[in-house]
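What follows is a pair of complexes built around chain A, which joins chain B in one and chain C in the other.
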Partner chain A sequence: MRLNSKNWLTSLPQPSGTLSEVQLRGREFLFSNDLPPKNNESWRLADYEKLNRFLDLPVSNDSFLDSESRNLWPEVASGAFRVVLGPAGECNSEVSLPVGFRRLTNPEIEQMLGKTLDSCSCKDSWSVSLNHALTSELLAFSVSGRNLPPMELISHAKTNELCPTRVLIVLEENAELELLQVVLGSDFSAHSHLVEIHIGQEANLTHGLIGIGNNNSGFMANLAIEQELRSNYLFTSFIQGMAFGRVEPRLVQRDGQANTTIRGLQIAKGSEQLATHSSICFKGPNGTLDQLQKAIANDSSHSIFNGTIDVPRVAQGTNAEQLSRNLLLSSRARIDAKPELKIVADDVRCAHGATVSQLQQEEVFYLRSRGITSNQAAKLLLDGYCQEILEKLPSNAKNWIISDECKLII
Partner chain B sequence: MTSRNAVGELVSQPYKYGFVTEIETEKIAKGLNEDVIRLISSKKQEPEFLLNFRLRAFRKWLQMKEPNWAELGYPSIDYQDIVYYAAPKQNQKKSSLDEVDPKLLETFDKLGIPLGEQKRLANVAVDAVFDSVSIATTYKEKLAEDGVVFCSISEAVSEYPELIEKYLGTVVPPGDNFFAALNSAVFSDGSFVYIPKGVECPMELSSYFRINSGDTGQFERTLIIAEEYSSVSYLEGCTAPMFDTNTLHAAVVELVALDEASIKYSTVQNWYSGDEKGVGGIYNFVTKRGLCKGINSKISWSQVETGSAITWKYPSCILQGEGSVGEFYSVALTNHFQKADTGTKMVHVAPNTRSTIVSKGISAGKSSNSYRGLVQMGPKASGARNYSQCDSMLIGDLAAANTYPYIRSQQPAASIEHEASTCRISEDQLFYLQSRGIGFEEAVSMMVSGFCREVFNQLPMEFAAEADKLLSLKLEGSVG
Partner chain C sequence: MISKDSEIILEIKNLQARVEDQSILQGVNLTIRSGEIHALMGRNGSGKSTLAKILAGHPSYTVTGGTVLYCGKDLLDLDPEERSRIGLFLGFQYPIEIPGVNNLEFLRVATNARRQGLNKEELDVFEFEEVVREKLKIVQMDSSFLDRSVNEGFSGGEKKRNEILQMALLEPTVSILDETDSGLDIDALRIVSSGVNQLSNPKTATLLITHYQRLLNEIKPDFVHVMSAGRIIKTGDKELALDLEKTGYDWIDKDAQPKGNDL
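So, the complex of A and B:
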């Protein structure tokens, strides 16, 4: 049991607003389950010491994010618009949203909130409950129409605080959106993020998630996504610099016949532990999945990938592919990968693959034989390795990624 | 248009080894405690170190919990409701086959394993185990000419206690897991093989396990030691009668390969799998592990798993010697309500070790077939390589195929490749074969056999043909 966990829970601000009931429920859950169960497969490899360190941080209630931090952020891409999340943000404020975006009314929120979590069966997951317990503000909106301005959702956890954020997005039928989420973590900060997205029929969503930390940052993100018929969803995640980083995308194709593309990259160095636990379930026929997860582990870091694909009997005609590619660059680092297939339907094509290795010596040799030094060759290869994922991020993501980042890991 | 029922019917062949041999058996009372272990040990006139080994294992077992991570969903087992020792009544191990109860010889005849001098299989030495004891071992003398020891483990305990004491429990320690601990406490018989330095075993060695009593658990233990520059190929077969209760089988197999030695271990597992409603069948919990202790040693597991109501089995290799090689080739077929959770572990400890995993799962009926495997590259395993391939074939839309590969690497200069796919019998291919005048059932079994070819190629020749036949028999009635 965590030291002072009960004190910590009681020291949290009183539940208030739309989420007060959810907060109470989450706190009750944490009261009896103060840490995630170690015998649960998805937490088996988690570094509890790091997790503990972040959980003891005070929850941020400061509604002021200094302009200095904001000034460091890149400009909003032309045509795009930005919303800042968290206590320092604009969730509940009267900041108006562009045409095509509409804040959900309280009765709508009541009706929709938690529904996608239910369909993705992650309502009782520990990290979701943690977010429930902490978050008091919610950004909830619906999107309709096409050719909308790209959206940026930014949240920034400052030093010595735990920043909880929650978003609910409903994409109406035929809607199309490009959404970029950026999570920034200062030294000794933590972030708990929960996003629920419902994608209506024939809607398209391009979704990017960038998590960039600074030394001792912690980050836990839960994504619950529900896709309706003939919808398309592209999710790209990039995580770096988090001492403890954990992304859990859970997706359900409600009636099948939808397309899902997932791209993920995590770069771990120092003593960081970065993990992706994805779960995709097809609840109808003829759905497709194309998933590529990449990881780089350097120094004494630890990278984890756990990916489940669930194809029950109703999901005939599913075509799912999952590939986990990992680069292990140091003899003190460690990589764990577990791609899982659970299949009952018989008329399906499912494949998964996983590789763990260092840079291919033949490739390095090829470049060196053309007069490129081995360091440059390695950098070039790593850049190329990362680029395959990064280029899938929404177009306005470029400004957020420090271009020479790969240098740091060589 | 192919009819599903026809493929379905192709898998449901009656189990032809389901008969019971009426023979007088000596059984001890049901239940498990230290006295029972002492009794088993004294019946087998074991030296003290072995009794201590058993007691140590039992005490560990008492503190252990039955594992529940495998998705097998069987009802809980009452370990006090099992007979831990049963033996056909005979005074002592017979010096010649003429003295063995003819009923027993007849049983093995019926199973296609004739033990009599004239009829015995040419060039295959057989150790036949009936319930808890070994009945006979053929070609012992001929093997002894080359210095090869092939006998039951009880015999080895009395004749080669120093080898048993040196190696028993070194690969699978008594407290390794719940079922291994149980086996270490109560194991009754099994085979022992010792191949001396530089000897290539002149014939295939084989053991045949037969469960006869319905309430008796079978706990056999096999130990194979291959000294430097030696090699051996070992086959294992198993059957059991049809009972509508479940019978427990918890075995341990330990292999040790020293420098440049090679061991090939093949299994055709055909325990009774229960009827089409899922009643009865063997609960098969097996711990098999090989230690590639010497440099350039090699251990190869090949298995065809078609029987048992529940299979929980992960033949593994610990690649401790530099340049050692581990292989795992498996075909697992499940039908009706069978559940199999099987796979392998390849633990690369030393540099330049290599491992290959080829696993083929076929699930039909309402069965569930899981591959669960671990590939681990330790910090010192530079230059190590692994290649894994797991393919599943689904027959019918009620069967489940799951894949859980665990991959862990701590060595940058090691490489792991894993791939898995799931498919079903393709209608196009069936149509193609049928349009060329090949009957439906034959076409299906050709395709299944093609699907498993990579694994069958690894089996000793006599077994490969048998496995192919077994698979098509088992498949009868399930494809459509």
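So, the complex of A and C:
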């Protein structure tokens, strides 16, 4: 267990690049907190053996991604543009961005970096600190205006490497963006990904995150989102094929009066463990949340959902709904779902719930009575179950969803 | 279209069935020949819908006795999908909503399954779209229904029309329509009935399960059967349905009471 013995940390390359100071802080944190705390609710069920396996991987430090891997990616959707993140991609200073997108300057980065993490109270979380310790460069840009080309951010970890990536996005007032992030894992690879997004007043962001692994892939994504007044944020995540996958969206409506929609789908098979830990906090009145998390657990896999909605006294008039719907397809699989409301305000409408079920037998019979075999019926039903989430991904996700890289592997 | 020389398509003999520990069918006998339309009436809980589901192969029911021959083949030996592929169709009383499953894709997969059963080539997406657009006219459905999820958010009438659209696409030999008239307004009833009439021909047969004479004004049955306590207890022609409309089912209880000289 390298991390535990601190050897792993000392073996990392010297801090460098734009984020060298952040790297030092992250490493200091990990020196005194070598593993995530088991007594923390969000880590209680984590598979530490799998986590450690990925922490054993060397951090990627070259910029070569073979053309064969890139050739497997689908064409960029019409009108969209693509940026490749991480050591295999372009670093911030080399990225060419279209009109409406502007790279942040170093002073701007210094001023803004970590602020959203602070607002979302996750600056000192273990997985954020892990990313801090590893990442030397980031992509940081602001967005202004509407009718902008949809953006694709791709990162692809090669076999036998741990790939750290970090992004900082500022959506100016009234801006509108469709952002699709695709994280691809190879066999025995891992990703640590950190995104900070500040959404200005009346801005709209449609944000998709597709995480696709390949056998022994690991994935940890932290998203910190801050919404200003009258902004709209739609986040859709789709994770599959990761031996250890963990997505942590944390969102704050800074002054309320904003709309948040979250859709999530994780498909676990084999012995995979996939987890989503979401946290939404309303710091002002009249905000809305519509969250639907779905999971499918097959074989001896484990799916976890922890969702917290925090409605303090200042958040009167909040209207929040959180539902976790899960399909358990094997008696050996396990699903843990825990939606949680923390409400202090008294004039609110909040609902939450969780269901775990199998395929509905009446639906299967209906399809079979139309000549469709049991297997075909199950496939149609599972595809349909997933479609309710996948259709919410940004429009430029279609090419990825139908590609060989991403096709549903239920 | 009654002819004693017509081929027997469905022959049910002494069919008995239960769900869990409850016996529901207690010896159903029914013979249906090609070209015939049969109406099955009876009180709620008399076993009509159970008979329909058992014929379609619903796994919740256990057949405990009797036989069902479909064109001379043992129907009870077949899985639900095999029954559909050889030409048996059940129009559901409560068509199931399936969120996320596209109606057009569902109809195409179902149609191709039936075509396999008929040894016909499968239709590709484009060929199928042409076929389905023609069939939509039969039930006067808008093509926008094809883009929606199966039955999701459909009104009661739209669901029933979607059932008849499936019947039109699958071209079954025997159609069992379970309370196809329930929840329909007069206009929808006419559209659905007209669809069923258009799809009937001398080589097919229909078993209509209904509570009301009004459906039988639109689809003229050759035989009317009354079911009670899991058996068919009376068979007649369409006049029987008219009598039932007037008298109800009280006579069943009276007939069941022991006569004075039986005491």
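Note that in this section the second predicted complex is superposed on the first by the 394 of 410 C-alpha atoms of A that agree within 3 Å, B and C clash if a C-alpha of one lies under 4 Å from a C-alpha of the other, contacts with A are read in each partner's own complex, and residues count from 1 in each chain.
Methods note: contacts are C-beta pairs under 8 Å (C-beta built on N, C-alpha and C of every residue); 3 or more make two chains touch, one makes a residue touch a chain.
Being a predicted model, the structure only gives us computed values, none of them experimental.
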Looking at the overlay, what does A:Arg368 touch: chain B (first), chain C (second), both, or neither? second
Could you look at A:Ser357 and tell me whether it touches chain B, chain C, both or neither (first, second, both, neither)? first
According to the stated criteria, A:Leu24 is in contact with first (chain B), second (chain C), both, or neither; which is it? neither
Classify the contacts of A:Leu380 with the two partner chains as first (chain B alone), second (chain C alone), both, or neither. second
Based on the superposed arrangement, let me know which partner A:Val95 touches: chain B (first), chain C (second), both, or neither? neither
Counting residues of chain A touched by each of chain B and chain C, the higher count belongs to B
Just chain B (first), just chain C (second), both, or neither: which does A:Glu388 touch? second
Classify the contacts of A:Ser331 with the two partner chains as first (chain B alone), second (chain C alone), both, or neither. first
Complex contact set, residues of chain A against chain C: 361-363, 365-374, 376, 380-381, 383-388
Within the complex, which stretch of chain C touches chain A? 56-60, 79-81, 83-85, 90, 92, 95-96, 98-102, 105-106, 109-110, 113-114, 116-117, 149, 166, 170
Give every residue of chain B touching chain A within the complex, in rising order. 69, 377, 379, 392, 394-424
Please give the residue numbers of chain A that touch chain B in the complex, ascending. 41, 313, 316, 326, 328-358
